[in-house]
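In what comes next, chain A is part of two complexes: it sits with chain B in the first one and with chain C in the second one.
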Partner chain A sequence: MEKKTFERPVIKKVQIGMPSKFGLKSEYAPIKEIDGIPVKNLIEQYGSPLYVISEQTIRETYTEAYKAFSTRYPKVQFAWSYKTNYLDAVCKIFHQEGSWAEVVSGFEYEKALNNGVPGNKIIFNGPYKTREDLIKAIENNSFIHIDHYDEYYLLIDLAEELNIRPKVAVRINMDTGIYPQWSRFGFNYENGEAWEIIQRILISNKLDLVGLHCHIGTYIMVPWAYANAMYKLIDLFLGVEKKYNKHLQYIDIGGGFASKNTLKGAYLPGTDTCPTFDQYADAITSVIINSSISIEHLPVLILETGRALIDDAGYLLGTIHATKRLPDGKNSLITDLGVNLLFTSFWYDHKITPAQEFGPYTEETVVYGPLCMNIDVIREYVQLPPLKKGDHFVISRIGAYNMTQWMQFITYRPNVVLIDTNKNTHIIRKAETINNFNNLEQTPEHLKKIE
Partner chain B sequence: MKQNIGSTISDVLNGTLLSYAQVFFSKSKIFSWFILIISFTYPELGFSGVLCALSSLIFAIIFGLNRTFIRNGYFAYNALLVGLGIGYYYSLNLPLVVILILAGLITLLVHILIESWLSKYRLPVLSLPFIITLWFILLATRQLEFFQLSDRNIYILNNIFYWGGKNFLTFYHWFNEEFLPPSLQYFFVALGSIFFQDTALAGFIIFIGLFIFSRISSLLAIVGFYMAYLFMQFVGIQETQISIYYVGFNFILTSIAIGGVFLIPNIYSHIWILILTPVNVILTLAFSSLLSTWQLSVLSLTFNLVVFSFLLTIRSRYVGNRKLIETVYQEFMPEKNLYSYVSSKQKDTHHRYSPVLLLPFWGEWTVWQGYNGKHTHKELYQHALDFVITFQGKTYKNNGASLEDYYTYNKLVVSPGNGWIVRIVDNVEDNIIGQVNTQNNWGNSIIIKHSEYIYSQLSHLKAGSFKVREGDYVKLGQPLAHVGNSGRSPEPHLHFQIQAYPIIGSPTIEYPISRYVSINGKHKKLVCNSVPIENEQVENIILHSNLMQAFQFTPGQSIEIIQIINEKQQVFQWEIATDSFNNTYIYNKTTSSLAYIYKNDLMFYFTSYHGSKKDPLYLFYCSCFHIEFALLPGQVFKQEFPLHLIYEFYQTFWQDNFAPFHRIMRAWYEMTLTSDNQGSAVINANMFKKYFLKSKQSAKMKIHIQNQHITKIEWHDYNNEIILYFTYKNKL
Partner chain C sequence: MKLKPKLAISDSGFIFDPSTGESYSLNEEGLIIVQFLKEGKNEEEIKEHFLNEYDIDETTFSRSYLDFISMLKHFNLIEHE
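Then we have the complex of A and B:
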C-alpha cells in the first residue's frame, strides 16, 4: 500500500455569499500525466520548468476545427499563424495536416520557407514588410496582403522593376459591432477607403488581386461579429464581380477565435463561455452560402486562427521553490517559472493544477515567479491545496503566444518537449545556456579586462 | 465553283471506291481496291457494279444528301451490289445500261425509305435495299426480250486461258480442285459470291484483302462459315447445296456483323456466332423454298433478318451485362472497336448518356446505413444511403440529449447533380432524440429530377431550412436545405436515394456515385463510379477549377502551337470546332490531323485521334489523354490507351488474331497532379507500354497550367525532347 501523502493543516475562513452557499467547487483532479507520460518523469528527464506540447492534441483540435468548417463549406483552407507559435516542429504538424503558412515579418517568412512551405502557400500579412521582404515574396509567388497605401505604391514599383504581377489581397478593417474596433490595420470599409484601394488595384492592373482579408480582433467571444465582417467582405466581393466581372479567389477571415482560457476579470470560466468551432463556422459560412455568390464562384475560405488551435496543446510544468506566508495572512508560493515564460499571465487567469495527489482543502494563494521584480506574479489569487517545496504543478492551455513572446530575462529559457502520437518524447527546442549569449556578444578590446 | 465541282467529283469517286469495302463494314481503301479489281475479272460485271454505284451517288448529289455518307460510300454499296447482280444475270447492252442507271436511283430511294423506317429502331440498313431492288429488277425484266441471260459462266475457262495462258489455267485447276480441300473451296466461293464471283480464287484474293484489313473479321468469317458447314453435315444437307444456292456468304456476313462490328468482339460474341449460325441455316433453307415460288434467290436476306432480330433482342435486355457489349462508337474496324472499348471501359463514357451524381454534402461524413441495410434499407428501399457526421467515433458531443449536440444536425445538404426540383415537403417538425415519426415517414424531403427516370430524394431535412423552390433548376453542389430530424429518424441523419419516379418514397434504384473520396484513417482515395458501403468514411470531391478552366476548349477558338524539337522551331495553327453531332474536336489546320475531345464536370478526355503520330496534336493527345478534375494531390490516375492509336499497324498485326480473347500488349496513361494553387498547376503524365510481361515507360510528359490556361507541354521519350508552347488567340 502506497504511503499516504502528508499535508499540513489549513486554517480556512468560512466563505459566505456568491456564487453559491458552497463556494466555488475546489475538488478537482491533479494532472499527474500528460498524454500518458508522468509529469514527474518529464521533469526528471528534461528539468524544470519545462514546456510540453502534445502532438495528439494539436492534430485532434485541427481536425475538429477543419471538420466544423469543411462540413459547412466546400473550399476551406487553414493557414498557420506563425506568430502564435513558430517552433518548427509545431509548424510542421500544421503543415502536415494541410495548413498553409501565415507570416507577418521577414523573419517568419524565412522560417516558413525553411520549413519547406512552397512560396505559393504563404500568406504575407502585417503592417511592416520591408522592400527586401516584398521582393522575396513576389519572386516566390506568395500572397501579399496590402496594409497601407505606401505598401501599395511600393508594390507597384516592384512589379514594374521585377516585371512580375504580384498576387495581392487587401486587408480591410470595419465596424463589426464589437469593442474594440481594430482600425489600425488595412483599409477601412465604412469610409470607402477599402473600395477605393480595390478599384485602384484593378484599374492599374499591375497587381493581381486574388482575395480579400480581414482580421477583426482577438479573443472574439461572439460569433456574430464574424458574420458581420463577412457581410461586408461579400459586399466588396460582389462589387468586384459586378463592376469588373472578376471573381476573386479567396476570402481570408483571419483569426481571433477564443480559446478556453479565462480572461482576467471574467465572471465565468472560459470553458463555459467561449464559442465552439461549430458556432464560429456556422456564423461565417452561413453568410457566404446565403449570399448571391454563385456556386461555381464560391471563394476559398481561408482561416488564420492560431490561438484556438494550439492553446490546449501546450503545458508549462513547474516546481515549487519555496512557500511563504505574507503579512496579510495569505499563503504565497515562489515557483521556478515567471512572467518571462508565461507572458499570457498578464491577461489570463491561468489554470494551475498540482501534479500530485492532494486533499479536499484549499486556501487562498498567490503564485510568484522566480524573478526579482515586483511584477512577476503568475496568479494574484487562486485557491490551491497546500503545496510544499519540491512539489510539481502544471499550467494548462499555454500553447499560444508564450513560446514566441517569452523573454530571456534574468533566467534562461528551458527545454520544449513534444510528445508525439506514439507517446515518445522529443526535445524540439533545447534549454539555453550561457554559450548562447556569449556567442552573440562582442566585448571591445579595452573592456576585456576589468582590473 | 470550280473547287465545288472538284470536291463533288472527288466525293463521288471516293464513295464509289469505298462502297466495295462498305459491304464488309469497312472504310479501308486498300481493301476496296482488292475487291474492285476482283470484280473486274469479268469486265462487264465490274462495269455494271461501278455504273450502278456511280448512278446512286450522282442522284444523291442531285438530291443534296449528306456529303459524309456520299464520300464514305454509305449511299453506294447497295447500288454496287445491285449493279453486280444485274451484270451477273444479264449481258451488257444499251438498254441494260439504262436499267443500271435507273437501278442506282431505285436503290437510293429504297435505301432512304428503309433507313427512315429502321433508324427509329436504331438499326442499320445493311443490304436490305439491295435485296429488294434486285428482286424487283429481276421480276420486272425477266419478261423483257432484249435482256439476254449472261452466258459468261459457261466460258470461264476460255476467259482464264485468254487472261493468263496455259500456265494460269493449270494453276487455276490445281488451286481449285487439288490444292483446296472441298470445304475451303466452298468457303472461298461463298466469300467471292458476295460480289457475284463464282471461283474460289476470287474468294481467296478477297480473303487476303479482308485479312489485311482486319484479322478479327477474317477469323469470324471462317468461324461463321465452318459452323454452318458442320451443322449442314450434321443434319444431312448435301454440302454442294451450300454453293448451289449461293447462300454461304450469309453466314460469313452475319458472323462479321454480330461477332465483330455491332458488338465488341470477345469470347461471348464468338460463342453467339456458334449459336446463331445454325439458326441462320434453318432460315436460309426456309426462305429458299419460299422464294423459289417466284424463282428468286435468298440473296443476303437471312443475314439481314438475323442481325436485325439479334440487335433488337440485345437492346431489349432488362438487365444489361458486360458480356455482350454493343459498339457505341462505330470505327468501322473490329480491332479499333475492340481497342477503343477496352480503353473506354475504364473511362466511364456512360456519363455522356446518364447524369453525374456526387455526394449531397460537403466534408467528411460516415455511411450510417448502406445498401441492403439491416434497419430500413430493405426490399423496395434497399438501394438507399444514410449519412451522419462523426467525430472520434461518435455522432454527438456532450450527452447527446439535444438535437444541437449532433454533428449532423443543421449541416448543409447540397444538390448531388444538375436538375429540376420537382417536389419539396417542408412541414414536418423535428423529432426529439430517440423518437420517430412514422406518420410522416420521410419527413421533410426534396426530389430532384436529373434526367428521365433518374430522380434523387433527400429526406429527414429541417423544416423551414429550404433554400430552393419547386420548379427551380439547381446545379451540382448548390445548397438545398439543412439536415433536420424529421420523419422516421431517431437522430439527425441524411437519407439519400435514387429512384425512377418523382413521388416521395418511390422504390429505389441502384445508381453509383460518380466520384467520391474514401477515407481510411489518414489515407484518402478517389473512388470512381461506386456506392459507398456501411461505416465507410466518405468525403465529397473538390474539383480543381484551374484544370476545369484550362481544359475548356470552345468551338471557334484558335491556338497557336510552337513546337521545339532539338532547338528547331515549328509553328502550327489549331482550331477548335464541332461536327454536326455536336462532338467537339481540335483540328490542326497546318497538318489536317484532328482529335475528338470530351469534357464534363469531372473530367476531360480524348475520344479519338486521326492523323500522323509525329504531329504535335498527337503529343497533346498522349499527354492529356485523360485529365481528372477531382484528383487528390499525389494520387495516380491510370487509363488504358486504345492500342491502335499507340502502336503502329504492323506492331499489333499478330496480336489482332487473338485480341478478342486475350491481349498481350498494353499501353496506358498515368497522371498525377503535382501542384495546384490559385491559377497555376503542374500535371505529370506518363505513357507506359507493355508487351508480353515486359513493361516500360515510353514517354514522360509535364503539362504546365498558368492563369487557368495550358501554357507549355514538355515531352521526353528515349529519342526526343519536345516542347509545345500554347498561345491562345481568342479564348473566351
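Then we have the complex of A and C:
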C-alpha cells in the first residue's frame, strides 16, 4: 500500500472577526517545474540555491513590449539597461532581439563592448563617468548623456584634445506629478537649467547635441507621469527646432516601468496594480504623435526599461534548511538563500511558492535566510503551508537587480542557469569557490606564518 | 502528556476550549495526534502509527511532533503535570 504524504502537524487559533487584509493565503498550487524542467532535477543537477532564467520568457516579454510601442509609433528603439542584469547571456538575448546597450559605468561600458555591441549603439548614462570612460565613449562614437556641468566642461576639453565632436544628449529632471521627484540626475526643467545647458551646447558647437533624456524614477505605477515628462521634453525639443533650426534625433524616456512584484506595504498585489506595456506606450506615444512635431522630423523614441523586461524571467530556487518556532508561536523557516542573493527583498514582498504538493492548511511564517545577521529576512510575514526540512521552494520574479546587486557576504554566490527555448539548460555563471577569492588576495610576506 | 479535560474535538479538525472560549483549527496530521492524545496514547504509539501510514522518517516525525506539542503548550491545551 502506498504511504500518504506527510505534512507537519499544525494547530492555529481561530481568529474571530475580519480576516487580516495582509495575511491571506496566496499560494494555491506548487511550482514543480520551470519551462517544463522539474525544479527537483534542476536542484539535483546544479545545487541549491540556484538562479534560473527563462530565455523564452525574456523573448516573449520583449516582443510584447516592442509590439506595444511599435504599433503606436514609427521609430522605437529599446536599449537594454545593463545595471538591471548584466550577465552576458542575458544581455545577448536582448541584443539579438534588437536592443542597444544602456550603461552607467565604465565597467558596464566594457561589458557592452565585450558583448559585441558597436560603440554607436551604446548609450552612456550615469552621474560618474571618468575621463578615461569618456575618451573611450567619444572614440567609439557612443551617445553620452550629460549629467552635470563638470561633465559638460570635461567633454568640451576632450573634444578639443581628441579633435572629435562627441555625440551627446542632455539628461533632464523634472516634476512629473509623482512622489518622490527624482532631482539628482541631469539638469532641471522647471528652473530653466535644462534649457540653459542645451543653449550652451548649441552655441559652443563643440558637442553634437543629438537627443534629450530623462529618467523620472523607478517602479512608476502611473503611466501619465511619463506623459507629463514627454510634454516637457517636447517643449525643449520644439524650442531647439524653433530657435536653432535643429532637429534632434531622439527622445530617450528612460526606464522605471513597474513589474508585477508587490512592494512592501502595498494594499493590492503587484499583479493587480502593474500597468501593462500598452498603457505605458499609449501614454508616452500619444503625447509625441499629438504634438506639433512634423511627421518627417519625429524623433526616435528610446526606452531603457529594465525591470519590466526581465523580472518575470528570473527564478530563485531554494531549500528549507530548518524550521524553528519563535517565542510568540509563529513558525519560522531557515532557508539557504537570504538577502545576499535576494537584494530586492528589502523592498518587495516576494512570492514564495513550495515546489512540491501541499495541503490546504497554512500557518503564519517568517522566512529567514542563512546569514548570521538579524536583517536577513526574506518575508516578515507570509501564510505558507507547513514546510519541513529539505523541502524546496521557488521565488518568482527575481530577474531584475538581484544578479547585479547581490552580495558576497560570508558565503558563495551560486550557479545561474539559463533554460533556452528548446528546454536545454546551460550554466551562464558558475558558482563561486574559495579560489575565486584567493586569486584576488595577497598576503604580505611577514604575515604568511602565524606560529 | 495529557490534554486538558473538557476540550471539544471535532472530527473535521477543530478544538473548542470551554475554559477560555478559544477555538483552534488543525490540519489532518495535527488532528490525528490530538485524537491519540485524547485516547491516552503515548509518543511511541503515535510515532508507530505515523511511520506505518505516512511516507516519513523517524527523525522528521519526532522533530515535527516536538514542535506540535510545543504549540499545544503555547495555547495552554496541555494539562499541567
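One rule holds in what follows: the second predicted complex is superposed on the first by the 435 of 451 C-alpha atoms of A that agree within 3 Å, B and C clash if a C-alpha of one lies under 4 Å from a C-alpha of the other, contacts with A are read in each partner's own complex, and residues count from 1 in each chain.
Convention: a contact is a pair of C-beta atoms (placed from the backbone, for glycine too) under 8 Å apart; a residue touches a chain by one contact, two chains touch by 3 or more.
These numbers were taken from a predicted model, which means no experiment stands behind them.
Novice: Report the partner of chain A that touches more of its residues: chain B or chain C.
Specialist: Tallying touched residues of chain A, the top partner is B.
Novice: Would you check which partner chain A:Arg325 touches, where first means chain B only, second means chain C only, and both and neither mean what they say?
Specialist: A:Arg325 contacts chain C only, not chain B.
Novice: For A:Lys389, select first, second, both or neither according to whether it touches chain B, chain C, the two together, or no partner.
Specialist: The second partner, chain C, only.
Novice: Please indicate which partner A:Thr404 is in contact with in the superposed arrangement: first for chain B, second for chain C, both, or neither.
Specialist: Neither: A:Thr404 stays clear of chain B and chain C.
Novice: Is A:Tyr361 touching anything from chain B or chain C once the two structures are fitted on A? First, second, both or neither.
Specialist: A:Tyr361 sits against chain C, while chain B stays out of touch.
Novice: I'd like to know which partner A:Lys167 touches here: chain B for first, chain C for second, both or neither.
Specialist: Touch status of A:Lys167: first partner only.
Novice: Which of the two partners, first being chain B and second being chain C, lies in contact with A:Lys4: first, second, both, or neither?
Specialist: Only chain C; A:Lys4 stays clear of chain B.
Novice: In the overlaid three-chain picture, which partner chain does A:Tyr73 touch, first (chain B) or second (chain C), both, or neither?
Specialist: first
Novice: Report for A:Lys121: first if it touches chain B alone, second if chain C alone, otherwise both or neither.
Specialist: first
Novice: Go through chain A and flag every residue that touches chain B in one model and chain C in the other.
Specialist: Common to the two interfaces on chain A: nothing.
Novice: Residues of chain C touching chain A in their complex?
Specialist: That would be residues 14-15, 22-30, 32-34, 50, 53-56, 60-61, 63-65, 67-68, 70-72, 74-75, 77 of chain C.
Novice: Where on chain B does chain A make contact in their complex?
Specialist: 361-365, 389, 391-392, 407, 410-412, 414, 467, 475-479, 540, 542, 545, 675, 677-680
Novice: For chain A, which residues count as touching chain B in their complex?
Specialist: Residue positions touching the partner: 60, 63-64, 67, 69-75, 118, 120-121, 141, 143, 167, 210, 249-250, 278, 282, 285, 289-290, 295-296.
Novice: Which residues, counting only chain A, touch chain C once they are in their complex?
Specialist: Against chain C, the touching part of chain A is residues 3-14, 323, 325, 329, 359, 361, 386, 388-389.
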